[in-house]
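Letters are used for the chains, namely A, B, C and D, taken in the order the chains are written, and counting of residues starts over at 1 for each.
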Amino acid sequence: MPPTRITEDAFRRVLREGMPSGAAMAFDVLTLEHGRAVLRMRAGAADIRPGGTVAGPVLFALADLAVYAAVMSAVGEVPLAVTTDATIHFLRRPRATTLVARARLLKEGQRLVVGEVTIEHEGEDGAPVAHAVMTYSVPPAR
Amino acid sequence: MPPTRITEDAFRRVLREGMPSGAAMAFDVLTLEHGRAVLRMRAGAADIRPGGTVAGPVLFALADLAVYAAVMSAVGEVPLAVTTDATIHFLRRPRATTLVARARLLKEGQRLVVGEVTIEHEGEDGAPVAHAVMTYSVPPAR
Amino acid sequence: MPPTRITEDAFRRVLREGMPSGAAMAFDVLTLEHGRAVLRMRAGAADIRPGGTVAGPVLFALADLAVYAAVMSAVGEVPLAVTTDATIHFLRRPRATTLVARARLLKEGQRLVVGEVTIEHEGEDGAPVAHAVMTYSVPPAR
Amino acid sequence: MPPTRITEDAFRRVLREGMPSGAAMAFDVLTLEHGRAVLRMRAGAADIRPGGTVAGPVLFALADLAVYAAVMSAVGEVPLAVTTDATIHFLRRPRATTLVARARLLKEGQRLVVGEVTIEHEGEDGAPVAHAVMTYSVPPAR
């Protein structure tokens, strides 16, 4: 199996230095392997909509973070990697509980890296609340 | 021209009551007409990434807000309308300045409303930093 | 496990009656279970681009067909189900060989059914040439 | 205004040599300017579904063709440009009549070119039957 090219510590440092909004999210890293990342997040008070659901942009931010981790697990520290396109489907009304995002890469190209991510309530596999596909553009000089 | 079915005051109230994260964004409403909404937002400190750019999830949240306003301008107050799918393309590195989001509806169906939105730096028409297409599902009982 | 609500014969009949362009594609049905469909297709002469690759719209048509089969395997014969949105990522240059499309549903709603599909060269699991997510709108009266 | 970098004749030649399925579509080129292309197509018998509507993959192929023309109008003949992602929304049931696809570029990058396209019935502006956003990856050596 190809090596995991980033540690959790390095990932958190990249966020602190380059994406404060990501660093501010209260997440645990459950898995970090080459091309795969699993993050767990408890929705905070600011994320919750009346009725006890989680706002769409919060799910988007979590999905983006998980794919970003998967990208760096495969290509290493590339703080300047940027999302070029993202498609998210909101599938079920998320409850304001703990969410798990599982990301894996579909393509690991020289310039473009594509990943998909599924977000579920913790402990409820198979009934995703959101699914996203995202492309990251990786700078050539690395 | 068909009527504008929501006022800015009512839109802000729907946000306060149903989407606190949207209400917390510092935006002005420049236009609110049937099927069209233009919002202006100055990026806040928390939204900015080192290098003076704006985080992708912040652009997503702004795009979502502008389409939500356009949806309600056409179908009226539907606090329970939810985004079902969203595709965003990040086109240029956004600067941490004032952004303008222009949303318009592509389809105004009974159940599904589709809108597109372009985000630009204020005063720089024609060079969008992001473009999104979003579908809102509207509850049948309205 | 919930029942498979369509047979291969019925699926092919729905295509012949309602989607001649789908019926004209030379495909085998490898799997048809509740919410899952696997189709195999050999690219025809008209589908191939110089250099021996397969045109994007052909992959789109195959992806659409596989998700349509998965939709009907779950909700039964709904000839009037229509695609409302589709996002496809072209991941690798497809060779003009036999392609396998694996579709599964992410959401089985009353009105909206969302599926994802991966297309690979036959015998080459794990290196998809395309990935798509598609939403079908299902008529209420069924 | 920047120059139009391809003629209709050259565009048709690129299709004949590199995308026979595109060359086989019966389309007229109404406009071809730097970053903009308008194509008109009459749906053929094979494209039509019972009830007199047009199959989704046919709309996808038309959208792809129009964006491809817009890409080459801006960057010149790049037969090896490939679509990397495409999102299409089907907005209204298309009638089996003449369709007009209007494509324009949103971003003209060194490596990635993004365009959007709207498909309407001829003579019915403002009520699109489909809308798509597509990214083309352009080879570096050109």
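Note that a contact is a pair of C-beta atoms (placed from the backbone, for glycine too) under 8 Å apart; a residue touches a chain by one contact, two chains touch by 3 or more.
Keep in mind that what you see is a predicted model, and the values were worked out from it rather than measured.
Looking at subunit B and subunit C, the chains that touch each of them are A, D. The pair from C-D, B-D or B-C that reproduces the interface of A-B, where over half of the contact pairs by residue number are the same, turns out to be C-D. Among the other chains, A has the CA centre that is most remote from the centre of subunit D.
Chain pairs A-D and C-D differ in how many C-beta pairs are in contact, and the one with more is C-D. For this pair, subunit A with subunit C, the centres built from the Cα atoms lie 27 Å apart.
If you average the Cα atoms of subunit A and of subunit D, the two centres end up 33 Å apart. One simple way to say how far apart two chains are is to compare their mean CA positions; for subunit C and subunit D this gives 23 Å. For subunit C, residues that reach two or more other chains under the stated contact definition are 84-85, 87, 89, 135. Chain contacts in this assembly form a complete graph, since each chain touches every other chain. Looking at the complex, you find that subunit D touches subunit B at residues 87, 89, 91-92, 106-107, 114, 116, 118, 128, 131, 133, 135.
Of all residues in subunit C, those touching subunit D in their complex are 17-22, 24, 46-51, 55-58, 60-61, 64, 82-90, 93. Residues 84-85, 87, 111-112, 135, 137 of subunit D are the ones that touch subunit A when the two sit in their complex.
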